[in-house]
Amino acid sequence: MTAGTFTHLDDRGRARMVDVGGKQATLREARASARIRLGEKAFGLVFGGELPKGDVLAVSRVAGIMAAKKVADLIPLCHPLPLHAVEVTFEPDSGSWSVRVVATVRTKGVTGVEMEAMTAVSIAALAFYDMCKAVEKGIVIESIELEYKSGGKSGVWQRQPAGE
Amino acid sequence: MTAGTFTHLDDRGRARMVDVGGKQATLREARASARIRLGEKAFGLVFGGELPKGDVLAVSRVAGIMAAKKVADLIPLCHPLPLHAVEVTFEPDSGSWSVRVVATVRTKGVTGVEMEAMTAVSIAALAFYDMCKAVEKGIVIESIELEYKSGGKSGVWQRQPAGE
Amino acid sequence: MTAGTFTHLDDRGRARMVDVGGKQATLREARASARIRLGEKAFGLVFGGELPKGDVLAVSRVAGIMAAKKVADLIPLCHPLPLHAVEVTFEPDSGSWSVRVVATVRTKGVTGVEMEAMTAVSIAALAFYDMCKAVEKGIVIESIELEYKSGGKSGVWQRQPAGE
Amino acid sequence: MTAGTFTHLDDRGRARMVDVGGKQATLREARASARIRLGEKAFGLVFGGELPKGDVLAVSRVAGIMAAKKVADLIPLCHPLPLHAVEVTFEPDSGSWSVRVVATVRTKGVTGVEMEAMTAVSIAALAFYDMCKAVEKGIVIESIELEYKSGGKSGVWQRQPAGE
Amino acid sequence: MTAGTFTHLDDRGRARMVDVGGKQATLREARASARIRLGEKAFGLVFGGELPKGDVLAVSRVAGIMAAKKVADLIPLCHPLPLHAVEVTFEPDSGSWSVRVVATVRTKGVTGVEMEAMTAVSIAALAFYDMCKAVEKGIVIESIELEYKSGGKSGVWQRQPAGE
Amino acid sequence: MTAGTFTHLDDRGRARMVDVGGKQATLREARASARIRLGEKAFGLVFGGELPKGDVLAVSRVAGIMAAKKVADLIPLCHPLPLHAVEVTFEPDSGSWSVRVVATVRTKGVTGVEMEAMTAVSIAALAFYDMCKAVEKGIVIESIELEYKSGGKSGVWQRQPAGE
C-alpha cells in the first residue's frame, strides 16, 4: 500500500495529471446526486404552487450544466474532455422540505465523467442555495455522492441502497 | 408572501442580479464547512502517517481558494466582488474516517461572502474526492453549510449547534 | 484628427488599456437592446402559449447576465469592474415574429457599463438563437445598440428615436 | 408541434445539453457575418488611410477568434468541441460608412460550428464598437446571421440572397 | 526566520490568500520586462521591414493585456483587483536579434500589481513565441523580471542596473 | 520568404487560427523548462530543510498543471486540444540558489503541445515568484525554453546542449 495507490500522485507524493494515453475511448456515463434541506419557508416559496416559482429551477439547472463544462478548470488534476450530454433534474420532497438534485453526464472518452456529474450537482445546489439564502440561512446541502457509473475498464458501478 | 421575497427574482419571477447600489461597503466575513466521508482505506492512505501524503491537502486547498475567486463565474446571480482573505483548512477525524473542510473568507464590500465560503469548501471537497476516487468510489460529501457570517445590515449570524 | 482620438490607441496606433486612474467613481447606468427575428415557426413555439415554453427565456436571461460579468475577459481593452445590478428582459412582438432583448446594467465605478449592457444583449440573443436554430436556420439578430447611458463626465446620453 | 421540437428542451420544457452521442464526427464548416454601422467620423478614423489605423482591426480579429474558443462557456447548452480553423475578416464599405465582419470556422466533430461563427462575429463587432465608442455613441451592430453551413446530417445550408 | 516570513503561508506552512484587509488603497504601479531571443530568421521576418509584419505585435500585445486581467485566475494566491491601466510595448534589438517586452500596470488598490506586470510580459512573450515557433524552435524567453514598483507601504523599488 | 512563412498569418499578414484539419492525430510530447534565480535568502527559506517548506512547491505545481489546461484561453491563436498527461517538477540547485522547473505534456492530437509545456513552466515559475516576492524582489525567471518535442510531421526535436 503505497502513495502510488493514488493515481494522481507519483511515487514521491507529488501531484500530476495522470497519463491516460493508453486508455480506450469508450462510452461513459455517470450519475450523481445531492439533497438540499431547504426548511419549510424556502420550500414553500419555491414549490408552494401558489406563486410563480419563476426561474429558480431553470437558473440552478443552467448553473449545473455550465459547471459540468468547467470541471477541468475547477478540479486541478482533471483531464479536459468533451461531453455528449448533461441533464440536471430536481425532485422535491414535501415531507422533508428538501429537494434532490440529480445530474447525468455522458461522453465517449478516455476518462470517466464522475467529476462532471459530481460538480454539476454541487454547483446546481449552490446556485439554488444562493437564491434562497435571503429567506433562510440555515439551508444545508447534504450527501453529494456518485449514484452510478459505467464505461471504461472498471465497468458498471452502482451505489448500494441503505446508503444515507 | 410573494415571489419578491426572493431578492434574486423580480415580481414576475424572473431572475436578475439584484441591485446592491444602495448598500454600504462594510467588513464582511463568512465561514462554511463540509465533511468528506472517506472510509477506512482512503482515510488511511491520506492521514495514515506512514506515507508521504504528499500534495493531497495542498491541491485541495488550492482548489478551494481558487474556487472562491470564481464564484461570480459559477453562480449565475452572484455579484463579482474583491476578496481580502481566503483560508481553507482540513480537520481529520480518525473515529469516523472523515475529514472536515473549513473555509473562511473576508472582504470589505457591498454584499456578503457566504457564497465564496460555501463554494470554496465544495470545490476543495470535490478536488479531495477526485484524488481519492480511484481507491474508494463510495465517498460522500456531507453537510455543506454556513457556520458563521458577519457584516452588512443583518449583522452576525451563527449556526446553532446540535446541527449536523 | 489623430489616431489618439481613439482613446484605446496610443499616438502610434498601439492598443492599450487606457488609464482611468484620474476618473471619479460615479453611479453609472447603461441600457442596450437587440432584436431577434425568429420567423413564424420559432416565434410560435416559444411564445405560442399552448406549450410550455419552458426554460427558453430563463436560459437566455442567465446567459446574458453571466456575459455581463465576463466582459473584461471577452473585450480585450475593457477594464474589469464591479457590477451592482444586471437585468435582462424580453419583449415579444407577434406582428413581426420577433423579440426585443433589453439589458440594463448599473454600477458605481470609474468607467461606464455600455460594454456590459451591449454584451449582455448579444449573448442573450445568441443563446436564444442557439435554442431555436434546429427549428429555423434563418434567424437574424438585428440592431444591437446602446439605448441610454448615464454617469461619468459625459453625463446622460439617449438614443434618438426614428433611429434605425 | 411539441416543446420537444426544441432539441435543447426535454418534453417538459426543461433545458438540457442534448445527447450527441449517436452522431457522426464529420467535417463541418460555418460562416457568419455582422455589419457595424460606424457613421462617417469613426469610419474615417479607422479606414481613412491618412492615419495609422493601428491595432483596431487586429484587436477585433483576436477578440473574435478567442470568442470562438469560449462558446461552451458563454452559451449555456452548447457542447464543448475542438476547432480546426477560425478566420475573421473585415470588409469596409465607404458608401455606407459601415464594415462587414465575416467569421469562418471549421472542425471535425459531432455538432456543427454555427454558434462558434456567430459568436466570433458578435464579439469581434463588440470589440470594434468598444474602440470606437468614445468617438461615436450611436454605432449599431446589425444583421448577425449565419451565411453558410456544411457537414452533419443536414448537409449544406446557404442563406438566400435578398436576405433581410 | 520562520515559514511565516512567506506571507502566503501560515505558521504551519499552509498556503492561504493573505489578509489584506488592513492595508490602505493607494496608487500602485509596476513595470516588468522580458527578452525574447528570436534568432536571425524569425527576427528578420517580424522586423525586417520588407514584409507586412502584420498582426504579430498586435496579437502579442493583446495577449499580454488580457493576461494581466486573468492573474487572479492563474496565480493561486493572488487577490483579484481592478486595473486602471495596462500597456505592453516591444523594443526590437537588431544587434542581438532579440526583442524586449515591457509591461506597465497601474491601479489604486490594497495590493501591488507586480504579478499583473510579470504575467503580462510572460504571456505576451509566449504568444510571440507561438507565432514564430514554426520558423525557429530554438527561441528562448529570458529574464522575466520586475523593473520598477511604487505604491503601498514599501514605497518605490527600482531594479539596480548591471542587473543580470 | 513571405509573411506566409508564419503559419499563423495569412498572406496579407492577418492573424488566424491556422487550419489543422488535414493533419494526423498522433502521439505528441513536449518538455519545457525555466530557471528561477531565487537568491540566497528565498532559496534558503524554501529548500533550507529546517523549516516546513509547506505548500510552496505544491502550489506552484498545481498552478503549472492548471495553466497547461488554459492555453487556448491565453494564447490567442492556439487550438484547444485534449491533454493526456501533465507533470511539473522542480530541481533545486544550491550552488546558484536557483531552481529549475520542468514540465512534460503528452497528448494524442493534431497539433503539438509545446505551448502547453512552455505555459506550464511559465505560470509555475510566476506562482513560485509570487510566494517569494515579499522576501526578495529581485528574483528573475530565466530561460523559458523548449527542451524536447516529438510527434507530428516534424518528428523529434531536441535542444542542443551548450545552452542557446
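Read from first to last, the chains carry the letters A, B, C, D, E and F; within each, the first residue is number 1.
Going forward, a contact is a pair of C-beta atoms (placed from the backbone, for glycine too) under 8 Å apart; a residue touches a chain by one contact, two chains touch by 3 or more.
The structure displayed is predicted, hence computed values, not measured ones.
The chains that touch both chain E and chain F are B, D. For the pair chain D and chain F, the distance between C-alpha centroids works out to 32 Å.
Centroids of chain A and chain E (each the mean of its C-alpha atoms) stand 37 Å apart. Among all residues of chain B, those that touch two or more other chains are 14-15, 55, 58-59, 61-63, 66, 70, 73, 76-77, 82. Under the stated contact rule, the graph of chain-to-chain touches falls outside the line, ring, star and complete shapes.
The complete set of chain-chain contacts reads A-B, A-C, A-D, A-F, B-C, B-E, B-F, C-D, C-E, D-E, D-F, E-F. Remark: chain A residues 55, 58-59, 61-63, 66 touch chain C in the complex. Remark: chain F residues 10, 14-21, 72-73, 76-77, 79-82, 110 touch chain D in the complex. Note for the complex: chain D touches chain F at residues 27, 57-58, 61-62, 65-66, 68-70, 82-89, 106-108. For chain F in complex with chain E, the touching residues are 1-3, 5-9, 12-15, 37, 44-45, 51-56, 58-59, 62-63, 66-67, 70, 73-78, 114-115, 118-119, 122-123, 125-127, 129-135, 137-146, 149, 157, 159-160, 164.
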